[in-house]
Amino acid sequence: MPEFEPRIVAFVCNWCTYAGADLTGTSRIKYSPNVEVIRFPCTGRIDFMLLLKAFAEGADGIIISGCHPNDCHYTSGNFHARRRWILFRGLLDFMGIDVERVQFSWVSAAEGAKWADVVNTTVEAVRKLGPYENFRKIDRAGAV
Amino acid sequence: MDELRKKARALLEAGEVRVVIGYGGGTGDRARAIFVREPERADELIFDGRCRQNLAIYLTRREVKELGKPAIVATLPALKTVLQLAGEFQIAEGGLVVLAPGADGSLIEFKTFADIEKYLAGAASPIDPAEQAEMDRVRAMSPDERWKYWLGQISRCIKCYACRQACPMCYCPRCTVECNQPQWIPVPSHELGNLEWNVMRAMHLAGRCVDCGDCSRACPVGIPLYLLNRVLIGDIESNFHQRAGMKAEVDYALSTFHPDDRENFIR
Amino acid sequence: MSRIGVFICHCGENIGATVDCEKVAAAAAKIPGVVHSVDYKYMCSDPGQNMIKEAIREKNLTGVVVGACSPRMHEPTFRRACEEAGLNPFLCEMANIREHCSWVHEKGDPTTEKAIDLVRVIVEKVRRNKPLVPIKVPVTKTALVLGGGIAGIQAALDIANAGHKVIMVERSPSIGGHMSQLSETFPTLDCSQCILTPRMVEVARHANITLHTYSEIESIEGFIGNFKVKIRKKARSIDMKACTGCGLCSQKCPTRKIPSEFDAGLGTRPAIYVPFPQAVPNKPVIDRLNCTYYLKGKCRLCEKVCPTQAIRFDQEDEIVEADIGAVVLATGFEIKHGDFFPEYGFGKFKDVIDGMQFERLASASGPTLGEIRRPSDGKKPETVVFIACAGSRDPAKGIEYCSKICCMYTAKHAMLYRHKVHGGNAYIFYMDIRAGGKMYEEFVRRAIEEDGVKYVRGRVSRVYEREGKLIVQGADTLLGAQPVEIEADMVVLATAAVANDGAEELAQKMHVSYDAHKFFAEAHPKLKPVETNTAGIFLAGACQAPKDIPESVAQASGAASKVGALFSQDELTREPVIAVVNRSAPPLYSTCVGCFLCQAACPYQAIEREEIRTRDGKLIKTVAKVNPGLCQGCGTCVAVCRTKAIDLQGFSNEQVFAEVMALLDRSEPDAGI
Amino acid sequence: MSTDAHHDKATASLAGAILEQTGVPVDKCYQCGKCSAGCPLAADMDYPPSLILRMLQAGGPELEEKVLRSYTIWVCLTCETCYSRCPMEIDIPVMMDYLRHESLRLGMTSPRAKDIIRFHRSFLDSIKYTGRLYEVGLVVDYKARSMHLLQDVKLAPKMYFKGKLNLIPETIKGLPLIRRIFSRSSKAGGEDAR
Amino acid sequence: MKLGFYPGCSLEGSSREYNESVMAVAAGAGIELEPVPDWNCCGATAAHNMNRELGLSLPARILAKAEAAGMKEIVVPCAACYSRLKVTRHELLEDEELRRRISAIIEYDLRCEPEIINVLQFLDSRVMPAIEGRIKSPFDRRVACYYGCLLVRPHKILKFDRLEDPRSMDEIIRRIGGDPIDWAFKTECCGAGLSVSKTELVGRLSGRILEDARIRGAEAVIVACPMCHSNLDLRRGAIEKAMNRKYDMPAIFITQAVGLAMGIDPAKLGLNRHMVPVKFRERPAGKVPAGPESPAAAGEV
């Protein structure tokens, strides 16, 4: 049986983490291909429902990453996002949804190496956790 | 009760309000909401232990709004709802009369939102011991047990949206579940959709829920929705020191922030 | 039905060596709605761009996806190409298969598969893209310059000389700021007033500049290019038109013992006064807090002596309104006073003074006419101790930062003292000498080598008075921290430069952010040093951080050039990536419920209230409205909105939702849908 | 300066121990010298306070030993002038306490500080034996320890006649507990409070 | 009014006049001072210099005895004891782990309830209001108020008065009719704990204090600490040797000055116990004090 290859969706802001991931590329730092990035203007824009959708569609893990505090391109979008994640994470945890599979991080435009590290450690952590069976098994046909 | 009836009659007679939203006797031992528009019907108003429904829900209903300026018989959660609705610009100072009957038959009439704020600042919000026990039980479970618990609850959900209907803060004329571009919540009732609906409902009430408990009581299959609300209420209080329904101005946990908010979960 | 073209770039070997580009193009071709899919060596080259243009024309494309490098690199290139081919540029998006794929992964199937994923995601996004039109906002070509110090003067003159109107507002009765108080300036020792006053006069005379002194900002609203400002002109009690500035009133005023602000408290002035002889405007003001008439109801001596009947005791504050397009904040700084240095006896011993007071002592126009005489008894001090870092770099006193200007002016003070008092001893207690600037280090060396100023490296612990002398207890850390005690006749503290009082209030009024010390915050510490986070509001001088004259002037010119660039256009074009509140048919009108919880979340105060009314004016509902001039497109409001009534153009709910769904869906698409 | 100086902070340094044990951040010192400038006894010290901090910052066995063997740490009066004026709010007196304890523990006390330490020991002994300070006993004990037999011989009779000297020590009831406090404290480190 | 009271060792020995004057003044103001039961020595400089646990445990036991006796406030006239008690209380309140550790050592679960009050706070808030209008013989002397180190430092913990140039003692002197001088050595160190072991240093440090007071024309130095007092009084020989001149200026406890103003018999205030005789200059004509039996007019007391 081939080793489990987790699928990780990354929601990142355009100004820090997306640019940081670009720098990872220009620096030719290699990392695991299991992650795919969706670009947002700001972490403040990221709707919590998208995380649920990602799990529902088969993501095994999620990375959310934006500018460090005080570095937000829009001054405070990341602060709002941080509050949202504090609450959302608490709620998911309370419902038994595996918050270990959601990695939040601040990666600046200068932190190309950090991006590679965030991706690699998340991929490895999720690989250890295995496929997100709970969500895969959940009924979605419904009683018609 | 006499005080309340007297006051309601006087308000209607003087034309100060057009309708008194209060409790009347229902079938069996249940109280139901009644809308008293004529002074002579003021005696139908009751207030006792059966009167639990949060009547503030009617303040944002179009049908009720069209009746004219209301007076509302308010329990503690209803008072909070009034402030929260004011903070969300759904009702305005002077646009309603708030009457809070005490268990002893006394009656407080709040003239201003500020008076309600002052009153609430000193009022305790008792939590039902059985509900607290359930909360403690769920919290003590392992993540996997919690998942099974909630999957069990949610699989019984029939997406009837009674919880939404009963909630005084769910006053949006078009709920996100009715949005189909994109279709955030699947239309049919299945575990995934039910889960998404319930998470969304809880998050949309985060920082706004006044913990009246009407959603749980409305649920025909008995899902303990109050648990979800209270987890968020607790997190908001412990992390941000905010509580919904305590101020008549915007004090929304999710549209404010503090530079030093917790971030021990962020790399 | 969409007609999407997909263009996969090899970027030479950059992508091609790792990703099987042909395979990616082939996979993309199978995606429903994709009617054209090719790969090419260099998509950004002219032939590459032409391939896109031709495909748009020939296949009548409704969307373009370029799988190539980062959109941060070439999105403008490809969008321009699309526009040239007649396709709305916002229907073109890029899939980043280079920085996020080929450069960071090994060659192999997983990498190609990821590239296919990335392209598929963007195809699904583009399918939902809407043609957008850049936003145009008109520009009012008048600048408001707040503060009439050297920074404000420079900015105002530069803007005015570029042909634009300027309104300058200064809080005190005259422009000139701190620079007008200075004696001589480092590192050239030219006289401050000699170089400043011509500029002040130029401001007063300039046809493009309207000057409001003794005035403050009452309120400001609006956005870049379109601000409305209210200016409060405080009652001067003088008819400025009638007054000739003859000065008779000041000569006759019986109340004469008021500490002069201009002389930093070392001299006095009457209640009706011109702050200093070269003041602009050179007309007096009545200090109502100290005027006998206002205090006791009688006197009116100035009124009697005024040859032109210009005194107006009953004058009231006046509010002036103006439309402006840009603001330059140049409100300057203050130096720390008061009970802040108890260990140095500042405020207790008359001969312990601050740097500004020393400037006045050394100034030819000062209370001693430029002779260094100590305040207590007017004696020439034989020994003067200068203490640098008084309050600066002192976290215990709440000021961690370096005030930047003190090293240089303290060297200058010691030098001036040595020039003026021959044989006098000048000691400077310092921690570091920060003399980074053109001719600065040389200047400090001159003070030490030529003028014999004695530098002692150590901080003073205490100053106390004994028999007419000030005993300075310091230490020489270069001599093993040995205690040093100096009997001085005068002590000059280089007190910390701090934000002006009222800075916080002003920042809140202007919606600009400020740091923990109430200095205004620039938009980017390196690349946007004169912008604020509010578009159209710029910074100049020490209101942003302590600065010397050359730096303030340079920044002022920088701010002026930003204003000039803004005013060079009649309309502003902005990326249409902004939030919009939806509208729908009656009876809903909009899904917005008017809870305005988004309002607090918006970092730009871009969310306004809009009343929807019937034709006969009856209010139906109040909903949120995004001001396109203010919105910067972060989308925080979108995530806060429960009813999804606000959406972000370019990153709409539909688009990002589709991206998530497409990303994880690797199933073979059913052809032909 | 020795090759050990400016050594890696991560290794166990005295400055690191000070931070860990007392929370006093030696690294914060930027050598302004204000502590030495205000110290009433800086001139009497072998290393003024700011120099002690510098030596700790540089670190290394040689400098650290010099600090622990210094006279400074014993002549320091705990007058708190340095701490109250330190721009970095470094609690030098607390640091000095720690250095004294370490110096005692490692047997590195300065020979110049003998008298001071003898006096402290006599003082503590007095408390240990009576619960309070028995001044006559203290002075007699100190004289015996220090061999300064003639010190203050003229003063004592005067004091006696002014009624300032108790010749009989007062003993408190809780003495057994005081003894236990002494023995527990000495186990906890620093001076074995004989 | 009944208040807890911690005299400390010096007040029972070499500085008993301080104790006598505190008691006399308190009695005169109708205040009963109740000693902490079976109190022990605070450990002074020696304990914290030699051993951290001991330096905290000795004051902690005093707090424990006071707390067990239900005392809410303890008046501590000795500035050194005040400092040790106050600092210990602060440290234990700040650090729960430390509080538990020290509690174990002293065999009492200390909550640190009693507030510590220094002599100036005691005089200002309790004595002065009680004797207002009862000043029999104004203490109209030009004096230098000497606070020493430990009443005001560390300010971050004690939070008493102004750190540089404190004023509370000057204010008390003014209220009893005195004329406090503005001088530069209010809070400079006298040498304190080195009195016996490094007498020559103490001579120099205390000498600078007396010298500044002398230059500015003070008739006496007013102190609020037995250690400061013994250095300025007992160590006069060392001072004179260090400064190479004679000083006849007495050092007086603030409570003695207040007591004199209240008209209390100088002997009851222990004024006769000083090494340096408490003598004042003859008053120039026309400056006769209000009280007929002012000790000042009588020369030595």
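By written order: A, B, C, D and E. Residues from 1 in each chain.
Convention: a contact is a pair of C-beta atoms (placed from the backbone, for glycine too) under 8 Å apart; a residue touches a chain by one contact, two chains touch by 3 or more.
Small disclaimer: the values here were computed from a predicted structure and weren't measured.
Chains touching both subunit B and subunit E: C. At the centre of the protein atoms shown, by the Cα-centroid criterion, sits C.
Per-pair counts of C-beta contacts peak for the chains D-E. Centre-to-centre, using mean CA coordinates, subunit D is 24 Å away from subunit E. Distance between subunit C and subunit E, defined via averaged C-alpha coordinates, is recorded as 55 Å. Centres computed as Cα averages put subunit C at a distance of 53 Å from subunit D.
Taking each chain's centre as the mean of its C-alpha atoms, subunit B lies 45 Å from subunit C. Multi-chain contact residues of subunit E (touching two or more other chains) are listed as 163.
Chain contacts: subunit C has residues 343, 462, 601, 640, 653, 657 touching two or more partner chains. Across the assembly, subunit B contributes 184, 254-256 as residues in contact with two or more other chains. Inter-chain contacts, as defined above, occur between A-B, A-C, B-C, C-D, C-E, D-E.
On the side of subunit C, the complex with subunit A involves touching residues 70-73, 96, 98-101, 103-106, 110-111, 114, 117-118, 121, 513, 533, 577, 601, 603-604, 632-636, 638-640, 648, 650-651, 653, 656-657, 659-661, 663-665. Residues 138-139, 141, 143-151, 155, 184, 186, 188-193, 195-196, 199-200, 202-203, 206-207, 227-228, 231-232, 235-236, 239-240, 253-259, 261-263, 265-267 of subunit B touch subunit A in their complex.
Put simply, subunit A touches subunit B in their complex at residues 48-49, 52, 56, 69-70, 76, 79-80, 82-98, 103-106, 118, 134, 138-144. Residue ranges of subunit A in contact with subunit C, taken from their complex: 5, 7, 9, 14, 18-19, 21-22, 24-26, 28-34, 36-42, 44-48, 50, 53-54, 57-59, 73-77, 80-81, 84, 116.
By the touch criterion given at the top, residues 9-10, 12-16, 38-41, 43-55, 57-58, 61, 65, 101, 104-107, 149-150, 153-156, 163, 187-189, 191-194, 196-199, 201, 205, 234, 237, 272-275 of subunit E touch subunit D in their complex.
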